[in-house]
Every structure is written in C-alpha cells, then in structure tokens.
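The following pair of complexes shares a single chain, chain A, combined with chain B in the former and chain C in the latter.
Up next is the complex of A and B:
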C-alpha cells in the first residue's frame, strides 16, 4: 500500500486554541477518505494543512513520502474544491478551469482544449463561455471540481463539497463524486459534518473531536463499533448507555452503545422506561423511552402498533447489538 | 372575551405606516423627491447653464457677452497658451492618480485583508483624520514643509543628503528653486490631499474579494505575482477606477494648490477662476470648465471598454 498523506503527531495551535492537537493519520493512495466531525473539531484545519494554507506548529506532514511541512501551497501537487467554490467571477467557465494550466504557462489553444475535456468529464461541455454567476449551485460545484482536477493532482481535497446543495442534488452528486473518484483513481480527501455523507461515500473515515481523531476506520467499523461515547453519539445518533445501565442489560459495567434500529419495544425486559416522544420517520417511528437519567431510542417498523406517550414499556435487542466501548 | 384579529389603529403613525404598506412606492417617492429636485434643478440646471455659456462668445471691444451660438470660444481653447494649461493639468492629474494608486494599494490591501477590530478603527481614523482639518491649513503646512528653509531641506542637511535633494531639484521642468516652487512639490501636495479618496474605495473593493479566491489561485499553482495580476487586480479594478475618478477630477478642478505651491504655471482651475473673475470672460471660463467633464467621459469610456466594471 502506498501512503498518499501521512501526519506524524501534527499540531496546529492558534494561540491557546489547539485546533489540531498531535494528530497521527495515514491515508492510502486511491482512497476516498472522509474527515467527519462537528464544526470546530479540527477537520477543516487538517485539510488546510494538507493544502498548505495552514502551517503545522508541530509534527510533520508527508505527501507520497515527501515532507511538505515547508512547501508553499502553489508547489504542492494537491488541489482543492473550496466550500464556496471560489470561482473567479471575472473569468468565464473555460478560463476558470484552464487557470491552473495558464499559470503554468501552457499555450491558450492547448489549455482551452484541456479545459473542454475536463468540462466534458463533469458533463458541462457547452458551458465554457458562461460566467460563474450564470450557473446554478450544482453547476458551479462541477466547475470547481473540473478546475481542481485539471492539474491532475495526486490528492484532491474537498471542503464540505456538497454543503451548499439541496438534498436531491446532494445525493446525485454523492454518487457522481464516488464514480469519478473510482474512474480517476486519485486519492480524494473530503471534509464533512454530515455523517450520512461520510458513511455513504468514504471507504475509510476519521472522526474528529476537539482537535483530535476519535476514531479511524471503515464506515462499518465506525458505525458498528464506535470507539468512544462521542463517536457513538455523533455517528448515527446511537443510544449511549452509562455503565450501570449496561450492567443492568447484562453487560460489563462500562459505557456501551446500542443502535436504535437494533432496539425493539418489548413486553418485558430488564429495564423499563416511559415513552416521552414519538418521531415519525416514514419507514418507521422512533420511540424515545426515558429510563432514569438515560434516554433510549427504539425503532418501531411501519405498520406495527405504537405506544401512547406516557406509557411504560420495556425494550429488547439482539445480544451482539450491545457494543461495549473501551475508552471514556 | 374573544380577542380581535385586527388591532385598532393607535393614531396617525399607524395609519401612515398602513398607507406605506399598501403603496410601497409612495415612501420611496417621498424620500427621493427632495434629492432628485436638488440634483435635477440645482446641479444639472447649473451644468446646463454652464454648457450654454460655453457656446457664447465675448465681444472683444465692449467686453460684453454676446448670447449667440458660436464655437469661437472652444476654438480659443486650442491656442497654444490655453492648450498648454489643459495639457499641464491633464499630466498632473494623471501623475497624481498614479501616485495615489501606488501609495494607496498596500494600505488598502492591509486594511481589507489583515486589519481587524482595533486596527481597523486605527486605519479608518488614520485615513479620515486628515480630512477633518481644513484643506487650506494642510496646503500651507505643506508649503512650509517644502520651502527652501523648510523641514525637508533641514533634514537633508542633517543627514548629509542635500546632494540628493539638489539633484532632484535640478531635474529639468519638474525641478525648481525649492520643492515648494516646483512641480514635484505640487505633485506631493496633491497626492497627499487626495490619497484618502483613493484608499477608501480601493479598500472597499478589496474587502469584497473572498480570501478563498486568493487561496484558490495559489492552490492551482499561481505565484503571488500571478495571483495579483490575474485575480486581485481585476477584482479590485472597479475600486481603483472609482478612486481614480476622485483623484483625477479633484486634481483637474483644483485652483488653490497650484496657486500656493509650484511655479505659478496656470492650471485649468486657476484659468477658470481668473477668467470668470478679473477677466470677466464667462464663456471662455465655461469652455475651460467643460474640458474636465469631457476628459472624464473619455476616461470612463476607455475604462469600461477595458473591462474595468465587469466584476461589478
């Protein structure tokens, strides 16, 4: 396995704020890697450390084995799709896409031909003469993608690439980005705060919390076996159970997570709770039980009878659904 | 008791607000009428009167204005003495505009990109403060600074750099007996007094360029110089043009600074002042006054054609 990006105890402190705190990370070549976390968790700073817009205050960053800690952004063979796309408003779409080739000194005819190829790749041929202001959000995003890919970067960085699009477009773009990445074989690193996006697109992901990586793994690993309470809570709104509750349910006296979709309402069980809320989800209804200080969400499939708010109910789950977490 | 769906009008203000809600254009009209009247009658009216006067001529024997349409007065502008005045004014305006642009850019760039909080306040204060004091006071202060016995001569002697100062003053045309009696001195004073009018629009334009756009340029491989030429400058150009309209037209119309600083060579503003005053030649004064307007129109047309307003 070739390593595309490697962080060795990388830190980026802004005064007293530890935006990125001693992070170790390896991203394999050809991976579709997601950095997932709430805002302020350090994921965007990590992306900017790879592109070179931030310099580490400690540690070293390698891209394909070369230490880039002292390399300015314009000399890194890495390109970025910016969150606001950052298209140049005074240039037409073709010149925007050809910009990276223009600053490298490629002749006009050659770079325009190449730009048209890239526009065809993102299905925007015939749009070359338009100005960015005349395009829709989804089209601008494709232009930004084509512009970042024109230099044939070894790593493509995407900062919340789908954040500004509406839901329908976002889902279509997810599939398209994934297909594009597989076709080009370029390493994609993308930042998102949307766990659905990270789980559905990435082949591996890092969950960030307070400047550190809480867990790295495949989407299935992170979803099924969250390493910490934070991960369990952030990825897929899991039930986070305190040690005494875990013990009452037949596990060790440790924090544990239990997915709502693995939890059913039952007549009897070791723990009972009061129904406090019902959330209709279309495919089913999420029922919130309160047992002492803990809230437990259970999924009732569509068509099955629902309890009244205020009713008392127990719950059940398959024994292997209870995931005991090591850390705090 | 049931609560009403419509609250009772409390008085005139409620009814007036209701009226404006039903007729949004009424409020707009009321607000715009006074300034439009002012602009339309006082400003455009006097401009029209000026234009009209410039097509009259003066009777050479009686010195009376002959209210008949003629291009004779405009032909007079092309006499060498008058043509020189126009050409000199134009060159000085261009030089001042260029000088202001070069000086203003780093300041405006710093203020737009880096200054935050307190430093932003310091910037605005620093730029605006000179505008609070009287223009005449500033010009006379500069005359003293630039005079032969002034602080610059003194500083040059103290640092043993009088040679440089003398070499500068020995330059043909723009040099002179002292800085305060040379075109260089006049250029310095003009640049000083009009600089804020260049900095502020430039800063406003630069502030509108998102940081991510500069990062995108670097990300795609551009050097700082390339980023400046292909991204910053085109996007800041409307601001630069706006600023240059101020510095250019203010210099062209000024008649005080050329009287106080410089070698008493005539400028358009001075010519207008003298012609309408002592000489009593209103038509020629009007014709002179039309020249800066025409030059500005040509300048704006060229700027538009060069794409200066594309990023607006």
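Up next is the complex of A and C:
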C-alpha cells in the first residue's frame, strides 16, 4: 500500500487554542477518505494543513513520502475544491478551469482543449463561455471540481463540497463524486459534518473531536464499534449506556453503545422504562424509553403495534449488538 | 408607506436649493463669453469668443496649467501605488494597533487643509527643503493616498479571500495571483480612486498655498487673477477648463463604481 498523506503527531495551535492537537493519520493512495466532525473539531484545519494554507506548529506532514510541512500551497501537487467554490468571477468557465495550466505556461489552444475535456468530464461542455455568476450552485460546484482536477493532482481535497446544495442535488452529486473518484483513481480527502455523507461515500473515515481524532476506520467499523461515547453519539445517534446500565443488561460495568435499529420493544427484559416520545420515521417508528437517568431509543418496524406514551415497556436486543467501549 | 408625490412646498424648496447650488456655475460659463471685461454686469452687453483666443495666448496660463497637470499626475501615481499597498496590507493582516493605523491613514482627509498645509510647511522648513514642484506633490499625495486607499479597501473587503487561496492552490505564485486575479478585480476601484485623486489635486488651493514657493498652480493663478484682474473673462475661461478637468473624472469614477458604494471620500 502506498501512503498518500501521512501526519506524524501534527499540531496546529492558534495561541491557546489547539485547533489540531498531535494528530497521527495515514491516508492510503486511491482512498476516498472522509474527515467527519462537528464545526470547530479541527477537520477543516487538517485539510488546510494538507493544502498548505496552514503550517503545523508541531509534527510533520508527508505527501507521497515527501515532507511538505514547510512547502507553500502553490508548490504542492494537491488541489482543493473550496467550500464556497471560490471561482474567479472575472473569468469565464473555460478560463477558470484552464487557470492551473495557464500559470504553468501552457499555450492557450492546448490549455483550452484540456479545459474542455475536463468540462465534459463533469458534464458541463458548452458552458465554457459563461461567467460563474450565470451558473447555478450545482454547476459552480462542477466547475470548481473540473478546475481542481485539471492539474492532475495526486490528492484532491474537498472542503464540505456538497454543503451548499439542496438535498436532491446533494445525493446525486454524492454518487457522481464517488464514481468519478473510482474512475480517476485519485486519492480524495473530503471534509464534512454530515455523518450520512461520510458513511455513504467514504471507504475510510476519521472522526474528529476537539482537535483530535476520536476514531479512524471503515464506515462499518466506526458505525458498529464506536471507540468513544462521542463517536457513538455523533455517528448515527446511538444509545449511549452508562456502566451501571450496561451491567444491568448483562455486560461489564463499562460505557457501551446500542444502535436503536438493533433494539426492539419486548414484554419482558432486565430493564424497563417509560415511553416518553414516539417519532414516526416512515420505515418505522422510533420509541424513546426513559429508564432512570438513561434514554433508550428503540425501533418499531412499520405495521407493528405501538405503545402509548406513558406506558411501561421492556426492551430486547441481540447479545452481540451491545458494544462495550474502552476508556472514556 | 411613503407618499409617491412630494408636497408642493418641498418641491419648490428643492428646486430653489438646486438652483442656488448650480446657477453660479452657469454664470461662470456665461461670463466667459461677455464683451464687458471690467465688471460682471447682468445681462452681458454682448457675446464673444475672443477670450478663448486671449487665454490661449497667455503664457502664464499655460505655465500654471502644465504645473497643475504635472502635480496631479505624479501625486495620483504615487497615491495609487502607496494607497493600494496600504489597503492590501490592511485587509490581509490582522495585527495589534491595526485600527489605530487605519485611522492615521484616514486622518489627512479629516484634518482641515490649513493644518496639513502649516504642518508640511514647517516640516519642510525644519528639514531645509526648498519649495518646489515636489513639495506641492508631497502635499497633494497626503490626501490623494486616502482616496485611493478608501476605494481599494472597499474592493478588497468585497473580494472573497477564497479566490486568492484558490489561485495559489492551482499553482500560481504571488506575482501571478496579483497579475491575474487581484489586479483585474481591483481595476475599476483603482481607476476610480485615481480619477478622484487627480480631480482633487487639480483644484486644491489650501495645501498648495502652504507648500508652493513662487509657483502657481491653476487654482492659485485664478485666485491671484481675482485680486488683480486683467482681462477678467479669461479667468472664466480657465474656470471652465478646471471644471471640465475635475468634473469629468469624478463623473467617470461614479459610473465605474456605482454598483458598489465605493466612492468614499468623493466629497472632500
């Protein structure tokens, strides 16, 4: 496996604020890698450390083995799709896409031909003469993508690439980005605060919390076996069980997570709770039980009888659905 | 909800106000054509274009005009370079005392010209600098820089910092980013700032009075003519030239930047 991006205890502190704090990270070549976390968790700073717009205050960053910790952005073989697209407003779409080739000194005819190829790749041929202001949000997004890909970067960085698009367009773009990445074989690193986006698109992801990586793994690993309470709560809104509850349910006296979709209402069980809320989800109904200080969500599939709010109910789950978390 | 039609009283007041502001300018034009050269009798006894020929043949006018153009041009170029650089620094960097320095840059335009004039005059005296064209240029540059700075800073604020990063990200070095991204986006703001600066410099009297030695710029020449008139209508002809040289650039600056409220300082 070739390593595309490697962080060795990288920190970026702004005065007392530890935006990124001794992060170790390895991204394999050809991966579709997601950095997931709430705002302020350090994921965007990590992306900017790779692109070179931030410099580490500690540790070293390698891109394909080369230490780039002090390399300015324009000398890195890495390109970015910016969150607000940052298209050049005074240039038409073709010149926007050809910009990276122009500053390298490629002749006009050659770079325009190449720009048209890239525009065709993102299905925007015939839009070359438009100005960015004449395009819709989704089209600007594609131009930004074509512009970043024209330099044939070995790593493509995407900063909340779909954040500004409406839901339907976002889902279409998710599929397209994924297909494009597989076709080009370039390493994609993308930042998002949307756990569904991260889980559905990435083949591995890092969950950020307060400047540190809480967990790295495949979507299935992170979803099924969250390493910390934070991950369990942030990815997929799991039931987070305190040690005494875990023990009452037959596990060790440690924090544990239990996915709502693995939890069913039952006649009898070791723990009972009071139904406090029902949330209809279409494919089923989420029932919230309160047992002492703990809230437990269970999923009742469509068509099955629902309890009344205020009723008492027990719950059940397959033994291996209870995931015990080490540490915090 | 505001009524669509103003009351009659307000309309009359507005008309009178505008007339009071602009009729004197029309009078200047009118008296450039009068046949009567000693007094401004109304109505003019006759109309002639002889004063244009007379003005054309006066070497003192040509001298004053050429000095004014020279001063305005050099002061504007200085202001465009320094004002843009200051604006770039102020909008890109965040440092301790930034707001205070911003205020110091804006101060020359807020200070009465008399203060700027006296301050420069005594400074030139202390440093033993003889009065020359360059002392006038320096005096004018103090407020021209502010005009360019104001225009440039407003445009920098509107430019998203993202496009500068995008340029670097795509492989452009600092010079290429300046040449291909920054300059085209600053262009009209700089042009507008430059034109305003030129116009202000061209009709400046107060600071010039303090920083010029024996030389007279066009406005100074006009003042002197009013005190010791020879061929009085010639002054009116020159006034028309000054009007054109200052009004047209300001008009152009207005049209260049009317999509953003960037002509700050236009009303000095």
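The rule we apply is simple: the second predicted complex is superposed on the first by the 328 of 328 C-alpha atoms of A that agree within 3 Å, B and C clash if a C-alpha of one lies under 4 Å from a C-alpha of the other, contacts with A are read in each partner's own complex, and residues count from 1 in each chain.
Operating definition for what follows: a contact is a pair of C-beta atoms (placed from the backbone, for glycine too) under 8 Å apart; a residue touches a chain by one contact, two chains touch by 3 or more.
Nothing here was measured: the structure is a model prediction, and the numbers come from that model.
Superposition of the two structures on chain A leads chain B and chain C into a clash. Look at A:280: by the touch rule set out above, it reaches neither chain B nor chain C.
When the two structures are aligned on the shared chain, A:14 is found in touch with neither chain B nor chain C. Contacts of A:100 after superposition on the shared chain: both chain B and chain C are touched.
In the overlay built on the shared chain, the residue A:80 is in contact with chain B and with chain C. Mapped onto the common chain A, chain B and chain C collide along 91-99, the only clashing stretch among 1-9, 91-99 or 163-171.
Note: residues 51, 53, 72-75, 78-80, 82, 84, 86-90, 99-100, 102-104, 147-148, 151 of chain A belong to the chain B contact set and to the chain C contact set alike, using the contact criterion stated above. Interface residues of chain A, counted against chain C in their complex, comprise 51, 53, 72-75, 78-80, 82, 84-90, 99-100, 102-104, 147-148, 151.
If you check the complex, the residues on chain B that touch chain A are 210, 212-213, 215-223, 226, 230-231, 234-235, 307, 310-311.
Residues 51-53, 72-75, 78-80, 82-84, 86-90, 99-100, 102-104, 147-148, 151 of chain A are the ones touching chain B in the complex.
Residues 160, 162-163, 165-173, 176, 180-181, 184-185 of chain C are the ones touching chain A in the complex.
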